[in-house]
Every structure is written in structure tokens, then in C-alpha cells.
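Quick one: the structure is below, questions incoming.
A, B, C, D, E and F label the chains in the order they appear, each numbered from 1.
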Amino acid sequence: MATTKLIEYEAASSEVRAVYDDIRATRKTDFINNFWKALAVNPAQLARTWESAKCVMAPGALDPMTKELIYIAVSVANKCEYCIHSHTAAARAKGMTDAQYAELIAVIGMAHSTNGLVTTMQVPVDEVFKVV
Amino acid sequence: MATTKLIEYEAASSEVRAVYDDIRATRKTDFINNFWKALAVNPAQLARTWESAKCVMAPGALDPMTKELIYIAVSVANKCEYCIHSHTAAARAKGMTDAQYAELIAVIGMAHSTNGLVTTMQVPVDEVFKVV
Amino acid sequence: MATTKLIEYEAASSEVRAVYDDIRATRKTDFINNFWKALAVNPAQLARTWESAKCVMAPGALDPMTKELIYIAVSVANKCEYCIHSHTAAARAKGMTDAQYAELIAVIGMAHSTNGLVTTMQVPVDEVFKVV
Amino acid sequence: MATTKLIEYEAASSEVRAVYDDIRATRKTDFINNFWKALAVNPAQLARTWESAKCVMAPGALDPMTKELIYIAVSVANKCEYCIHSHTAAARAKGMTDAQYAELIAVIGMAHSTNGLVTTMQVPVDEVFKVV
Amino acid sequence: MATTKLIEYEAASSEVRAVYDDIRATRKTDFINNFWKALAVNPAQLARTWESAKCVMAPGALDPMTKELIYIAVSVANKCEYCIHSHTAAARAKGMTDAQYAELIAVIGMAHSTNGLVTTMQVPVDEVFKVV
Amino acid sequence: MATTKLIEYEAASSEVRAVYDDIRATRKTDFINNFWKALAVNPAQLARTWESAKCVMAPGALDPMTKELIYIAVSVANKCEYCIHSHTAAARAKGMTDAQYAELIAVIGMAHSTNGLVTTMQVPVDEVFKVV
């Protein structure tokens, strides 16, 4: 029930196919998930988003699994069902254990709770936290 | 400009002081931040929240700094200014480097972007992600 | 799976029918979408909401299609699936082209991204923006 | 009270200066707003975000002012104070009149209201809206 | 730091003054809070919003204080600082005790927590809850 | 389509069964809803969350039905479909009438609307609301 159509490889322009090919090569799988097929209605945006994702999610000062945990946390707070499913699958593929997942859930629940408490009470920021 | 008063140690009941004492002992610092001082208007909730926080944020399958990064991610998506400041400070205290912080920002920005794109297009969840 | 029942024209009170009749006359179609049928459990609220919608969404200093784009943008950020679908359909009915829709998606994605980046970094508002 | 420092032109690396120079040239003003100065702690992200913004916000199938209205709408629903201020200023600079602004406010208020109503009642999407 | 100016009684048109007069008469106070002064830039919207508020917040099947508690709960989850302050003040004026406020905070915190937990785990709705 | 499995009583550890037994005894029903079955993958969190819920939702300065209305309000603004369904069912079980539900919907809609209006205009908090 998308609001836009999904573009399969066979129906794609060469510009879109080039991105799909790079996704497949980078991820070492033929599978292209629906997000990219939907974005493909705007080839420039597809290319831009993929370039950003490839760059941002690559190993760096943070390891790829930690980045997926952060991605899940944002997606939960933003209530993006698709993103929660796709990044939970990605985190598992990158090694997230059941014990780590249980702790991720606990931290997300705790953060939501204190976010709600703090906002209700409008707690002023402590001077000591204003380090910059 | 809180909507409730902050309770200092000196003015606190023995029930509240017991929690403050445990916060100080656990964190090895005399500093009690405003969140706990605000929560103290409801001593039972103060005790319950501190017990949960102590348990959830302790080292486990995920290390304490990673838990802080997840906490920041939720707090950003939930727009909790106090929580963003306090947990960014906590992450730094637990060893977050400038390079790690720069990548955290990048992942949070990327996640927000794709959350928005996916939600606009109402992309259906791929069957392969439905592992449970 | 609504939490309240939908009231069809045939089962509606005369007060509700009067609103349905005005929706049909204003929109030049017999179709009444589910939102109004759900609101009809509270006839006063149905009437008030329809009056507001008729007034707010009418042509004015902004054209009706632009108003629909703004409506979609809010509904995406608020994660209202029903509203995203109904207002995307409305925008198309009012002339939104595929190219315009692709740009709408891009702007919504960009805005989400910078909203997330700004909130993470708690960027202070520039003095020059404080025009009022 | 940012969580990261702001980098001025004089203190910037040549990589960051190149982006600042392009912002100035594109916008025909010497003014660099705080968002870019904060992003500059991660030069690669600064460059990527500016490239996206330049591309996404350029005139296209939608005119630049309409894009700013959409940007404001998302930023309001996402509660990004900085973004609301900066894009309201941008919309005015691109010709938004007081009458248009008053209507923008009205549409955003209306959308929030019906988002809340629909979500409370969990109104099912009408079949006719499922066009894709 | 509003994005629009506030209109005082003395500077208001007769249309706006009529609404201000009704607010004063209904609330039995000369005080007009900033929300109405900001809305007054669009007199039709001011009148419409006040009429809705007067109607919705009046005593009915729910008492006025309970309505304020619900209003605070929405405003917290929507992160509207102004609304949290104004409706917390209104709830107190309508008789909210410190004990009730402490329980309100606890329920809001609990709800945020389980909202986050449920969303992370994407818990399916039990059949028994689908009563309509 | 949960991201984690649901644990039935028969497959549960004695630690989890003890919580399920207490839920059944407290609620005077054999029914365990999916939320608890999902949480059970982390028995410590299950126990902690149930203890908090039992304590927070018990009769006190606010009656149980009012607490459910507040819970629904938060869940709507946080877009938690499961929570909206489960707490609407709970509110009905605790005596919420159709007339009360219609007014709840109206207040939630009104609050969303003014949250959106206030945030767009960035209305400054009146001095008189700053009581603490």
C-alpha cells in the first residue's frame, strides 16, 4: 500500500541499474530491498541517498553493528515500521546477539521513559552539562 | 522554568536521601543532576526510576558507552533537550571520542532522512525482514 | 481495526447527514471517506471539524494543491498513515504531477535529516533569524 | 548551548572553507548560519549535506518558496526550533507574504488536529486511496 | 522569539477584540495569554480556535481538570513547551493537587516507556482488543 | 510481524511464569496480552516493567480510568498503535462511556491542533505560567 510504485531491476533505467548494481556489489547479495525500489522514481535522489548511506554506515570510529543499533533507536522513536524491521534484520546480520538485542530494547524503553518524565517536568539543563 | 520544584539533599526526606546516596556511591561523585532532584517530588518513582536506570545502563552484552549512544539517539528523535545534553555529557565521560561523536551525528541524520522518506512513500516491509 | 465504529449515511442522524450532504456538495462527489464516518460518533465535533477543513483548505493566498503538500508533510512527520494516504490522493486529484511528488519526497527527506542533525547538535538560533 | 562547537571561516580547514565559499556564492551573501558552522566538525558530512540541500531546494517542479513551506511544516511536526526559525526566515526571503504565512499556520494546525483524531480512532485507510 | 508578532488588546481590530472579550468573560479574568495574541494575526482562525477550545474544554462527560490532564499528556508527547506550561497552570487552577500531579507524571513516564518497548518489538495487536 | 518471538506460558521459565501468575491474579483473568509475552525474552525487564505498571496504574490520587485516558493520550501522540488499542480496551473495561470517549477524542484533537499552532509560531511562555 505504498504511495508510489516500486521499480524492479528489469524495468529500471540505466541510471537506476547502476545504483542497484553498486548496492549488490557492496552488500555481496542480489537482494534489493523495497526502500531502494521506491526511491528509484527519483534517480538523482536514489543515487544521493545510496552514496550517503554507503558512506555513513561504513566501518569507522564506530563499528557497523553499533551504527545499526543507533539506527534502530532513531527509527523506533520516529515510529518508522519499515526502518525498524530492516535495521533490526541488518543488526542481526552484522552480529547482534539475542542478549544484545534484549539490552537494546531495555535502553530504548528507559530512554523513552525519562524523555517523557523530563519533558513533563521541564527539567532545566544542569550548568555542568553545558560544556561547549 | 520547571513545572515542579527541585529537591536538594538538605531538604530531602530520608527516603529520597537514600536514593541520592546510592546515586553518589554508584557514580563515584557528589553531583546529583536536576533530573533526580525533580523526580524526588515522588519518592517512590524516584527509587523505581533509579533502580531501573542502574540496572539498564550497567555493563552487559552492550558496553556502557554504546548504551549512551543509543540513549542520545532516542532523545534526539524524541526532542528531549535535557536528555540530549545529559547523555552527550555521559557518553563523553564514558570515552566517546570526537570522531565517534561525528559518526553518531551522521547516523542519526541519515536515519531521520530515511525514516522520513520511507514514511512519505509508505514502503511495504520486505518479506525477508519478517523473520519472527 | 478502528477503535470506534464508522457511521454510514443510511444509519446517520439528520445532524450528521447535513454534514455529509455538505461534504458531497462541496467536493462534487458522493464519496464520504472513513475519517468523517468515524468522527460522526460525535456530531458536534464532526460539524466543527468539517467547517474548519472547508475554510482552511479553500483557495486563498495559497493554492489548494500547495495546502495538500503542506498537509502531507505534517502527516509524514506525525506518522499518520491514513492522513498520508488521503492527502496524497487529494494532492494528485488537485493536479500534483509525478515530478512534483518526487520533489516533495526529497524536501521531506531533507527536512527530516537536518531536523535530526540540528537537534543532535543543539544548534543555537542565529540572531538574524529572530526577526519578530 | 550546542553540544558541539561552531567553526568560523577563519578557523576552518580548506575543505570546510570550500563549502562555505560555495554557500556564499550560491546564496549571494557572506552570511553563514550556525547550522553549517556546527556541521563543519565533520567536513565530509558538511559537504554531503550542502550538496543535497543545494540540489533538493533548487527551483524545479516545485518553486523554492513552496519548498520552504514544506520544510517548515516538517520542522514544526518534528519540533525543531532552529529549523522553524531558519526556514521561516528563508520563506520570507523568498517572498512569503503575511497572508500566506497565516494560511500556512492554519493548514499546519488543521493537519495536526486531524492527525491526532485519526490516530486516536485508528481510522482504516479507504480502499479508493490505495492507488498504487 | 516568536515567528509572528503578538497583538495586544489596544492594537487589535474589533473582530479580534470581540474574541478577547469573550475569553475574558468566559474565564472571568482580564488576562489574555500569548497563544491568543499570536493567533490574532489571523482573526478568522483566532475565532475558530477559541470557539473549539471553549466547546471542547467545557464540563461534559469528563470534568475540566481531567481534560487538562489529557491535554498535558498530549503536549508532553508532542514536546510543546508552551502548552505544557499553560495547561499545567490550568490544571492547577482547576484543582489538580500535588499528589495528582505526581501520579500524572508517573503515568506519562510509564506510557512513554511501553510505547518505546512495544514499537521496538513491533508487538502485534491482540485479537481481543479489536472490538470494533 | 514482531521483531522478537512471543513466549507462551507453557514455554516460559519459572521466573517468567511467576510474573504471568501475578498478572493473572492482579487482573483476575487468565488472559496475558502480547506485550508481556514479547517482553518475556528479557525476564528481568518483564518483572521490572510489570512491577512499575502495577504500581503506577493502581488507584491513587487519580482513579484508574483517568489514568487510562492519560495513557491513551500519550500513546496517540507517540503513534503506538498497539498501546492505543490495548489502553482503549482497558479504559472501556474500567468504565469509560461512549460519551467520555467522544470527549477524549475531542480533547486529543484540540491539543494536537494547538500544539501545532504554538510550535509554528514559537509562542513565548507567559511569565505568569512560570510558577516554579
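The rule is short, and it goes like this: a residue touches a chain if its C-beta (ideal position, glycine included) is under 8 Å from a C-beta of that chain, and two chains touch if they have at least 3 such contacts.
As the structure is a computational prediction, the values presented were derived from the model and not from experiment.
*Asks:* Could you tell me which chains make contact with subunit D and subunit E both?
*Replies:* The shared contacts of subunit D and subunit E, listed by label, come to A, B, C, F.
*Asks:* Count the touching C-beta pairs: is A-E or B-D ahead?
*Replies:* Most C-beta pairs in contact, of the two: A-E.
*Asks:* Can you tell me which chain lies farthest from subunit D, using the average of the Cα atoms as each chain's centre?
*Replies:* F
*Asks:* Could you work out how far the Cα centre of subunit C sits from that of subunit D, in whole Å?
*Replies:* About 20 Å separates the centre of subunit C from that of subunit D.
*Asks:* Which integer distance in Å separates the CA centroid of subunit B from that of subunit E?
*Replies:* 27
*Asks:* So which stretches of subunit D touch two or more other chains?
*Replies:* Subunit D, residues with two or more chain partners: 1-4, 49, 52, 56, 74, 76-81, 84-85, 88, 102-106, 108-117, 119-122, 125, 130-131.
*Asks:* Using the touch definition up top, name the residues of subunit E that touch subunit A in the complex.
*Replies:* On the subunit E side, the touching residues are 72, 76-77, 79, 81, 84-85, 104-105, 108-117, 119-122.
*Asks:* Can you list the residues on subunit F that touch subunit E in the complex?
*Replies:* 1-4, 31, 33-35, 38-39, 49, 52-53, 56-57, 60-62, 66-67, 69-71, 73-78, 80-83, 85-86, 88-89, 92, 97, 99-100, 102-104, 106-115, 117-126, 128-131
*Asks:* Quick one: in the complex, what on subunit F touches subunit C?
*Replies:* On the subunit F side, the touching residues are 79, 84-85, 88, 98, 101-103, 105-106, 109, 116.
*Asks:* Provide the residue numbers of subunit B that touch subunit F in the complex, in ascending order.
*Replies:* Against subunit F, the touching part of subunit B is residues 1-5, 44, 48, 51-52, 55, 125, 130-132.
*Asks:* In the complex, go through subunit B and note every residue touching subunit E.
*Replies:* For subunit B paired with subunit E, touching residues are 1, 3-4, 41-42, 45, 49, 74, 78-80.
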